[in-house]
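Attaching a single structure in structure tokens format; questions to follow.
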Amino acid sequence: ARGGERGVVRVAVAANFAGVQEALAERFTRETGYAVRASVGSTGQLYAQARNGAPFDVLLAADTARPRRLEREGVAVPGTRVAYAEGRLALYAPSVDTVRGAPDLRARGWRHLAIADPRTAPYGAAAEQVLRRLGLGGAVGDRLVRGGDVGQTLQFVRSGAAELGFVAYSQVVAAPRRSYWLVPRALHEPVLQEAVLLRPGASSAAAAAYLRFLRSEAARRIIAAHGYDTPR
Amino acid sequence: MGPLAPSDWQAVLVTLRLATVTTLVLLVVATPLAWWLARTRSWLRAPVEALAGLPLVLPPTVLGFYVLWALGPLGPIGRVWERLGGDRLVFSFRGLVIGSVLYGLPFAVQPLRNAFGAIGERPLEVAATLRASPLDRFLTIALPLARPGILTAATLAFAHTVGEFGVVLMIGGNIPGRTQVVSVAVYNHVEALEYAPAHVLSAGLLAFSFAVLLVVYTLGRRAGAEAP
Amino acid sequence: MGPLAPSDWQAVLVTLRLATVTTLVLLVVATPLAWWLARTRSWLRAPVEALAGLPLVLPPTVLGFYVLWALGPLGPIGRVWERLGGDRLVFSFRGLVIGSVLYGLPFAVQPLRNAFGAIGERPLEVAATLRASPLDRFLTIALPLARPGILTAATLAFAHTVGEFGVVLMIGGNIPGRTQVVSVAVYNHVEALEYAPAHVLSAGLLAFSFAVLLVVYTLGRRAGAEAP
Amino acid sequence: MSALDARFRLRVGALDLDIAFRAEPGVTAILGPSGAGKTTVLRCLAGLRRPADAVIHLGDAVWQDDRAGIFVPPHRRGVGYVFQEADLFAHLSVRRNLRYALDRAPEHRVRWDDAVAWLGVGPLLDRAPGRLSGGERQRVAIARALLSSPRLLLMDEPLSALDEVGRRDILPYIAELPARLALPIVYVSHSLTEVARLADHVVWLVDGRIRRAGPPADVLAHPEFAQWLGDAAAVVADAVVQGHDDRFHLTRLDGPWGPMLVRRHGSSEPGRRVRVQIAASDVSVGLARETDTSILNQFAVRVRDVTPTSPSDVLVRLGRDDGPALLARITRRSAHHLALAPGRDVYARVKSVAVLD
Amino acid sequence: MSALDARFRLRVGALDLDIAFRAEPGVTAILGPSGAGKTTVLRCLAGLRRPADAVIHLGDAVWQDDRAGIFVPPHRRGVGYVFQEADLFAHLSVRRNLRYALDRAPEHRVRWDDAVAWLGVGPLLDRAPGRLSGGERQRVAIARALLSSPRLLLMDEPLSALDEVGRRDILPYIAELPARLALPIVYVSHSLTEVARLADHVVWLVDGRIRRAGPPADVLAHPEFAQWLGDAAAVVADAVVQGHDDRFHLTRLDGPWGPMLVRRHGSSEPGRRVRVQIAASDVSVGLARETDTSILNQFAVRVRDVTPTSPSDVLVRLGRDDGPALLARITRRSAHHLALAPGRDVYARVKSVAVLD
């Protein structure tokens, strides 16, 4: 099964984007007739798997570093990288009436601020930048708890274990507006997510179609509806 | 089927198959090893025993990472294997089994080894004088007398394989219908904030496993014979 | 110190502390439970035994998810605990211990239960006729005779706690110096493609654990007395 | 000095145990075929099994009384139990096995050095139990039971793994115990010599019921019992020391059938009571007193009855109707030849008399 | 019909075993004090322990020969081993314990029904070993060893947990085995009756060395051995059946000391050889033949020697110098009274003669 079945795109997708990718796949299949089979994982894991011969045609990473690296290492097809989404950071605090951002972070009424691990999760790195730019790096340092990824970070907050958390805006789009603060872009580097065509999908028409589809208007609308910005 | 998607059901099937196969393979692999450990006087005993415990100390994803590399087309085992004409080991059910067996080894070896140790020499000596060959003694005396240990090894291995997902996720690649197991599916649901199916799957896992364990522990442990 | 950051070293210390405390707590908790399981004739035996095996069947992160909720300030246990004036349970070392103990329970209970079962009634009866009270018998006869099981329980619990990271990450919040453990550190290195420190930490974990296990298995299992 | 009183019932497997007996300080021997329930009786007395409808007490201490809802667990009874299979603690050396008992004894009525010396376990003290021979294990188990200073001693074939000589060395010591420690011993044995030697009271157990119980003289001489025993039949009786013959190292006794000469028995004072055992196979019968014979003891006795015990043998009970009987196992041919019948006066010639204490 | 030849050395703990003996088809009894190494010898013969410098063969089959580098493992030796502690397989019922042996036997020289009946284990077949009494376990273990149709039978105090009656029932059966199955039995026992009854050859083991070995008549009558044994001393001798006395159910034998009358022994043909055992304590000495006595057997014999064995006793060896000896344990006083000295002609009166096969 090394070549994969004809007419199926094998997509490796970062966990935070798994939900959106499902909606995308449905639309894609409707439009093209190609089926999509998704493998969800963390970007680091998907990277390691891709390097070790995983049967993935397309990688939807949560960052730009690893697609670039795959390209450099010859695992991805050069020139196929595309930024398909830009994540927005949100400060989420379901237990606070109205979240205004920096003032809430300076307030004393909370014990734990959850962020994703800056070293492995782009949203974590972004959150760290926000704290630094707000001049809070030292003040909150010992009250930070780190989730392995944004998914866990959200769970820290949802369970009440942490009062505040920097999560992906895409995770809180459905939450009451006042319980989160959409962090201004200026406070952190953009969280760009790139997709890339991997070697096993190099000659797959379906895979090429899927990468094209990601940039299509229909796809952008779906992505935007899930709380991502869509880079040009 | 309620909140569960078809892929969830596929994952259930893959999980059951994986746990069953892994448990059987583990028993087959661990039993002779444990037997040797329980009886040898070689200086190799302690090192080998310690070695068999090592898979536990690496975080599963990390262990998975190394196994993925070793079994993958670039790794020492995978390369040789594929050069010999073997199908790719990773991202297949076979790969999952290899990873799960490796990770489950300590759970199987230790209880078996203790059970064999607890038998003592005497029943085996008696059997030897009744013309039972070493293999015969092993099969007809040692194995039945080691039943509690076998039971424990099997239940720990089974339960652990059901719940494990780090190694499996890494080696299997989480491919629906092939290598996606329930544990990963639950994990994905939780990550995707789909709490309803996560709860249903978790509850199902717990209920099913409880039922299995209950049957095993009820039937498997006949009350021991009373002392006269 | 080569490729390792100071936070890695802190994580090593936290891990050792966690594994040690967890192992001790587990032995204390599991021993009476295993003793009861090995000796009771109550119908409750099989259900309780099955229950003690359940923590294994949930993926660690998922178990961690539920435990986080239960121990958190909104969960049933956390709420009561904090209302009674207790400090927050999650994101603390104490929370880690609770989670690790829960997850490690099956590894401790099963070997102990088998070891107690293998002793048989007779030595305890003899001790009773020598005026040893039930507690005395347990301490002076049952525990020493169950040594192989205690050893296995302890090594499995220790090794598993060293390697576990799902539950720990979820409940601990990965706070450097407080709840960040090596397994999470290794995992992070691998995720972050920092392979060099990942390899160093993994190798260190393996070497250290091998040394611990080797000592335990060499000293812990004196050759059994020969049959006369 | 407290006696054991026990009455209980218990079903184990196919066996229906129904027991009532009293064991005075001294040795109560339980005899009976394999599977009769002897071990089970000991287990009930130790509290290791809980019989039904039971009343068991040792002196004033009530150990079990099901009417009153009393059941004292084994570790509060203070019984010393020598199990049928010597069960030493495998994880403790011989010394620590013994210390285990000593450390938990509320008083030390048996001294360490004495127990070690009497049972000859000194050279074994640092051995692991797995490295002992069968007889060595049994001796250690006996020493351990003694060192717990029990109030009741239960012994289940304690000497079965010992050789004749080892047995001969240990028996007198066990025989002394009841007097020394003022405790009852319940002693299960298959060896009639042991029983005759030790027992103050004999319980003959068959199929879970007491077939016959009483002083050894009565139970052992009972034809039914003697018949069961066959060649091993013997009687015991009490005799009084008259004096000693120092030249030939003999002791003169006054027994129920007349004076007798036995191997010198220690330096017992005249007037002391001793017990003698005479095996039925050691007694022959003649019509006249004979002089030029190596047989020292000839009693003028009257035949009480003659019971055929096999096609070739009869068992002749001799003695006065109101005294203890003497048993002679002789051939039917001899009985015919001598015209033995109840009332006939004969001489019983006793080849050997064993003095038991 | 193959004999066992064994020669080996072994150090176990403090014991230094150094053994060489030959066991012809028939019963070789090993006697000796506790800890002498008896069990260890059996374990070496079975191959469960590997002694040094060993040469062990059974007939043509070499089991161990360290010069030639041969060591046959236990399961290829075909030994039936009744262990000192009856070790039944705890996970198998009695029936399946027995079948375990039967299923692995290359031939069935002992039939299932026979073994079950002889050892009376029929009612126990469906029991778990944990629910048997001590004696029951021992009988099952014997049956199991027999059902494996061994070429050599090793029995380590196989009857120690049995009562006198059970023993009496099983002994004759064991006595028949060597002839029936043409195999040697090596039999460890503390009971002289068992040994005298069964043994064709006696090995007296002390501290790991053979102190004395030979036909029972020689070993048992040896003063050193008799002295060790004390009261239990006895001799054995062969006799030839002359005929039967049907009226009194007796058998006439021609023995080394003259004709004798014994309890009817089966229906043995005149001319058949049988073995008789006479305990030293059953023999008295007189100067004249006596008539009106229940004693059937009186032999005119000559005193060979008189050995003091205790301050009160002597052991008198009687008989011709070239024939087997008869032992009489009598008091020193009687010896003096009858002026017993080598060469004196006396009558040996034998109270009871046990015919052993």
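Letters are used for the chains, namely A, B, C, D and E, taken in the order the chains are written, and counting of residues starts over at 1 for each.
We adopt the following convention: contacts are C-beta pairs under 8 Å (C-beta built on N, C-alpha and C of every residue); 3 or more make two chains touch, one makes a residue touch a chain.
What you are looking at is a predicted structure, and each value in this text was computed from that prediction instead of being measured.
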| item | value |
| --- | --- |
| Shared chain contacts [chain A and chain B, defined touch] | C |
| Homomeric contact chain B-chain C: same or different residue positions, threshold half | same |
| Remotest chain, chain E as reference, centres from CA atoms | A |
| Distance between the centres, which are taken as Cα means, of chain E and chain C, whole angstrom | 60 |
| Centroid spacing, where centroids are CA-atom means, of chain C and chain D in whole angstrom | 56 |
| Rounded Å distance, chain B centre to chain C centre (Cα mean) | 19 |
| Junction residues of chain E - those touching two or more other chains | 39, 131, 133-134 |
| Junction residues of chain B - those touching two or more other chains | 61, 65, 122, 125, 184, 190, 224, 226-228 |
| Multi-chain contact residues (two or more partners), chain A | 45, 48, 152, 155 |
| Which pairs of chains touch, using the document's own definition | A-B, A-C, B-C, B-E, C-D, D-E |
| Complex contacts: residues of chain B adjacent to chain E | 122-123, 125-134, 136-137, 140-141, 144-145, 147, 224-228 |
| Complex interface listing, chain C residues touching chain B | 41, 45-47, 49-51, 53-54, 56-63, 65-66, 106-107, 110-111, 113-115, 117-118, 120-122, 125, 148-149, 152, 155-156, 159-160, 162-166, 183-184, 186-187, 190, 198, 202, 205-206, 209-210, 213-214, 216-218, 221, 223-224, 226-227 |
| Residues of chain A that touch chain C when the two form their complex | 42-45, 47-48, 65-66, 69, 111-112, 114, 117, 119-120, 142, 144-148, 152, 155-156, 159-162 |
| Touching residues (chain side chain D, partner chain C) in the complex | 46-48, 73-81, 83, 87, 89-91, 100-101, 104-106, 128-134, 144-145, 148, 154 |
| In the complex with chain A, residue positions of chain C that touch it | 61, 65, 68-69, 71-75, 78, 88, 90-91, 169-170, 173-175, 184, 187-188, 190-194 |
